[in-house]
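Heads up, there are several structures right after this.
You will see chain A twice below: alongside chain B first, and alongside chain C after that.
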Partner chain A sequence: MMQKLSENVLDKFSMDFLRNQVLKNAYGNDDTVIAVRDPRILLVWYLFFGLVPWFVNDLPFLLGCFLLVMVTTILAKVAGLVLLLFAVGVFSQTGYLLIATWIFGGDASAIAPLLVLTLKVATISLASVTVFSGLDPDRLSNGLMWFGCPERLSFSISYAYRMLPMLMEEFQNVLLSYRLRGNPPAHETVPGKIKYLIYQIKIIIHAFYPLMLNTAKRSRTTVEALEIKGYRYAAVNKEVRKMKLSSLKVTYDDLIFLAISFLWVAVTVLVSTLV
Partner chain B sequence: MSITQKGAATQSQKLMIFVLSMSLYGLATLFTELIPSFQVGIVEFSVEFFLFIPLVLAMLFDPLSAALGAATGELVFSEIMLGQFGGLGELEKFITVTIGVYIAGRLVRNPKNRVMVGIAAFVGTGAQLLMGTIVDILKVQFAVTDFEAVAGLPESVFATEGFAFLNDLLLSGILFCLLPTLYLVPKLYGKIEPLLGMQPRTEETGLGEISVKNIIVCLVAFACAIGAEMMAESGLSLIDWEAGWAGSGTALAAGMIVAAVIAIALLFVMRKNAQPVSEAK
Partner chain C sequence: MGEIENNMETKHNMDAIAENNENTIDSMDTIIKIEDLTYTYPGAAQPTLNHVHLEIEKGDFLAIVGNNGCGKSTLCKVLNGLIPHFISGTFSGNVWVEGENTKNADVGTLARKVGYVYQDFENQIVRPTVLDDASYACLNYGMKDYEQRGREALHQCGLEGREDEYIWQLSGGQTHLLALAGAVALGPEVLILDEPIAQLDPGHADRIYEVLRELNETYGKTIIVIEHHTEYIADYCKHVLLLRNGQAAWMLPAREALARVEELQESNIFPPQVTIAGFRLQKNGRLTQTQMLPTTVEEGREAMAALSYAGGKSPKGENVPQTAAPEPSEKTVAQFKDVTVSYRSVKGEPHTVFDRLNLSIHKGEKIALIGSNGAGKSTLMKMMVGLLKPSQGIVELNGTSVKNVKPEQLSRQISLVYQNPEEMFIKDSIYSDIAYAMQVRNVENWQEKTEELLKRFRLSELSERDGRLLSGGQMRRASLAIGVALNPGILLLDEPTANLDIATRKEIMRTLSDMKEVTDTVMIATHDMQLVCEWAERIIVLCQGQVAADGTRDEIFGNAALISRVGIRPPEIFTMGQALDRRALCYTVDEFLDAFSCEGRQEE
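== the complex of A and B ==
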């Protein structure tokens, strides 16, 4: 009884937790230093920190870039889940090699190249975390549109952020109702455990049947609402684009942000030439 | 039902399919993104647990919209939203998923034909995985990944990559693509189409055979995918940044710092001057 209760609580916690984290990531931090920056400036900034570290093998420079994007990530107040995923991602790419070298008695010379690789990966991921999680989805999609990305991509981003929490809730409800009606096999023994796992996967696949029908209805409503507003013609109309993008304004704060980043990079370059 | 057309879907119906495929597959990949992928050296066990969703949709509706929707959904929901966006390297996955799902959707002319649905699901998954494997092998062949641990043993790369491919194909191809698709397609056929205001696909209204043009377009797209992945993986070899700085390094860096400091000071002054004006407004 007690075990079942804890199982249920754990299940609900994880789903709700996930939903809250996504919501928080999207709309919870509108007032941070990063979120109010002009999206175009941030995208240019990201282009630098997402590309340049790949081509540079200089340790002080990489370390400097890493420190800078770490500061911006802290400023952006990114949700915990995203940071956890970032950590797992970096670890699965290079971190495990680091530990493996340690275990097999590698010395410092073997660790240095791995450290460079890890720093590269971490810097690039953190830069993307800053830009793509720190920005408001609407501002992000506007910024992408300004750079000539297809309208459909910016629409997808705005749509995704709005619909995802609802979809998650619906999926959870469907899943729970299936569980409520189902009769899971006993899972004390090993074959029973395998049977239980298969049963769980089966339920998830079955749950997609009603979910697909519901989402079909919902996407029809969405598209019809978009059509009423003349979406398909507005998407390719230059006049509409101009009106949409008129909210973007580069302020002095944005330029200061760029200049400070530039200063920091310049300092790291100086340090790396002095070393 | 007078609005429903025979054959191809209208533009807005294509958008509906796009949105449907995007939200469903995006939601599903969000979960798989939370499961860390196994990686042994350069071999990555990339099981696509939920590829059956776009496969089903591509078989029932317009394949291209469903395929593009699925790839966009994966990109937006699981990469951009979670801040896992890997830049150029994501293009490879985008294109391979699109091609795989599109091929599967085009193969099925009559969703009632279970054998064909099964074959298409398997072929689509296989195509997607095969393209990923080819990209991985090429990466090592051109030595753009710097994992010295396996370097010098091309045979081992073929063996491990081939093993990963077979493993993925058997696991995700049969368990997570073939069986769910066989279960869902007949169940959804005739039920989900009216919700989007369409007629179910039949032998006559299908899009017809895959033409040579389709294959060529797929191959060109795949070449783009390889190029993007190479660009993303190649390190210093492409552009030698350090060489440029090494010469007049310190002086240049000092100049940059001075310029940055002046820029910051100027901007602060300008901002201070600008603020009263905006408040007066």
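== the complex of A and C ==
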């Protein structure tokens, strides 16, 4: 039973799965309510929910914000892996303290500040998840470019997303070569298991060398192709930048999205003054 | 670089010449003119291109052929200005494209005149969605109607309706068409493609060439391809240019060029099988010397109409009882039982590759696994080595389920050589790569065994080189050596002849024949039907997640209905034989000549 479970978990975390999750996260949900928002609106929205919670300690307000970003995260249909990372992240930051305090009989005076801190971290993280994972990389980079980020940054974001799956596939294949031809230590006993773990880590480090060389070989073509496609020319041309940004349009729905967020925040502020 | 600077001094002079030539070019309808071009890569001792003179007419469909390393790709990079503007080196001579001297134009200007599709075209695609990538260059050059241009290019390349798809949803052939569309979008008059069909099955390859023909005939583009597949040259190209030792040996109309059998073979280019057959018939006096050699099956039907089938084999083609059909007594070494497997997809339902697949593989068999791109050949092999787990069913190896054996323990029983040899190289020299598996297992005398393998695969001189820096054929041989290092009972090869020129391919085929005695059971996944016919004893055809057919070559290729259903194509000489006589089942030129040999038996 236990073996089956561990096999299952290992299965889930194969390179293939990671690759799939990255792609899913970047491009798999381009038709959600969040993904079709104008990236500039979302960035402004993020500026609020990513910053304000740090400076406010009011519980109803934070709770309200948390609920809102939770709803947007659900709307964005964020990939499972990202949510898992989020949960692990929040828990390792403050969540464990909160639970420990609660278990060991800490009273409200001890729990409340921890709850506030946990809420802050969770709200900000979820807001980031909504924006950076709900939007596809191209829209995000266009939004960033509008706010004056250099073209190179925005290109890097979308290009990294384009390359990442390829890199992971290549890495997977190199690792498989090691697995097929290598001879790992037996790992039935506990010391054996530790040896096995060290072996695995060593293999992963070794695998980077062929990965880098193979990538370098591939990127020679890419660099030449970029040159032909006028990438360098565009990077310094204002006109091209304008054309790239002209696809951004604020719609009524974007305004409604902002209005709802604003109203909701107003309500929570109102509630907190009433309490 | 020094050379270029020198030339800069005489730039005015050059301009004057260019001006002059521009006028003549227009009148002659010459689109590309090369005069005394010599180019040496930085650090290289010998020039790659050596005093090349060349003129290419507007509207031509030109194939460039030549040995590996004779400068084909270099010549193409000269045409689009990457040399000398992006890649330095010593450059002398002049190149005019549409009257513009490439020395004076920048890469951007030339990109609008000459489109280029790389051999590793997937690395040429930089944007995530189809339309985005097709219009990316136009956007970068600030063309206001970039999206319209992208759409138009996709339409011309037959990718209409896929504008919003992500690039990883495309098949290999479609990805190639997208790379082409990206080049077409800029509206160049010349399109250059470096080995466009190297990795494609015949169906996809035809599609690429149909698109190219359309671009050539309807849109008037000048097309230049670097191509090893002479059958495609015969079918589609108008002219052939032979490069030899960095020089343009000659440029002739395609049919005339392909008929120069001996000269081509000297440069390691193999004319279509029909042409070779015709050439040999001519030599032994069965075809008249004056007759133009046929290059396509159609031409062959005319030229060889006088030949009659003499029956190289008994009428039903069963004179040699082929031992391929598995006898029940044979030992089963691998077995698939009701195997279902699917891939996760980015969006929506997982994609099912196999649905309840059943298959047995017996000891000592030499199997070819064929089927179109995406039929599941690689998936099947990955399941056998335990890299991929079926969602249902069992894969058994020598009687035990693969699931219960760790891949590292499997490696003595079975070995897989990847399609992409680079991924087999995990060390910094091929010596240590071949030795690795034996070394970590403390195999006795592993040093000697490694030396032996190096010798066997003719790699001894290269043993200290990094595998990635070898040529295509050497890389292949090294990956085969790595694959057989542990002397596995079953050897799986994924596309061992893909991306190789014909000479290297022959060499690999020879190596594979040599290996027949070394390894017991071998399975090759391939599109290369000549390899299939000359090497395999059992052929398994995969189609839509099922075994569509399983048998000897006569059973597979003799079944015309099957062939058209699963999208495979027999070797050209087989089709030629069939065209002359339905009873003829000949797979090699020798068999063809045998089958149509004795004129005495003409009236049977």
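Here is the rule we go by: the second predicted complex is superposed on the first by the 259 of 275 C-alpha atoms of A that agree within 3 Å, B and C clash if a C-alpha of one lies under 4 Å from a C-alpha of the other, contacts with A are read in each partner's own complex, and residues count from 1 in each chain.
The definition used in the following text is that a contact is a pair of C-beta atoms (placed from the backbone, for glycine too) under 8 Å apart; a residue touches a chain by one contact, two chains touch by 3 or more.
A quick note: this is a predicted structure, and the numbers were derived from the prediction, not measured.
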item	value
Contacts of A:Phe262 with chain B and chain C, given as first, second, both or neither	first
Touched partner set for A:Ala225, first chain B, second chain C, both or neither	second
First, second, both or neither for A:Lys217, with chain B first and chain C second	both
Partner chain(s) touched by A:Phe132 [first = chain B, second = chain C, both, neither]	first
Contacts of A:Asn173 with chain B and chain C, given as first, second, both or neither	second
Chain B versus chain C as contact partner of A:Tyr209, first or second or both or neither	both
Chain A residues touched - chain C or chain B, whichever exceeds	B
First (chain B), second (chain C), both or neither touched by A:Thr189	neither
Partner chain(s) touched by A:Tyr159 [first = chain B, second = chain C, both, neither]	both
Doubly contacted residues of chain A, that is, touched by chain B and again by chain C	26, 159, 161, 206, 209, 213, 217-219, 222, 224, 226-227
Interface residues, chain A side, partner chain B - complex	18, 22, 25-26, 50-52, 54-58, 78, 81-82, 85-86, 88-89, 92-93, 96-97, 113, 117, 124-125, 128-130, 132-133, 152-153, 156-157, 159-161, 163-164, 167-168, 171, 201, 205-206, 208-209, 211-213, 215-220, 222-224, 226-227, 232, 251-253, 255-256, 259-260, 262-263, 265-267, 269-270, 272-274
Chain A to chain C touching residues, read off their complex	11, 16-17, 20, 23-24, 26-28, 136-138, 158-159, 161-162, 165, 170, 173-174, 176-184, 206-207, 209-210, 213-214, 217-219, 221-222, 224-231, 233-234, 237, 239-240, 243-244
Parts of chain B lying in touch with chain A, wherever the complex brings them together	11-12, 15-20, 22-24, 26-27, 30, 33-34, 36-37, 39, 52-53, 56-57, 72-73, 76-77, 80-87, 146, 149, 175, 179-180, 183-184, 187-188, 191-192, 195-197, 232, 234-236, 238-239, 241-242, 245-246, 249-250, 252-254, 256-257, 259-261, 263-264, 267-268, 270-271, 274
Chain C residues within the chain A interface of the complex	80, 82, 86, 107-108, 111, 116, 118, 120, 123-129, 132, 136-137, 139-142, 144, 146, 166-168, 182, 344-347, 385, 387, 389, 407-408, 410-411, 415-416, 418, 420, 422-426, 428, 436-437, 440-441, 466, 468, 482, 485-486
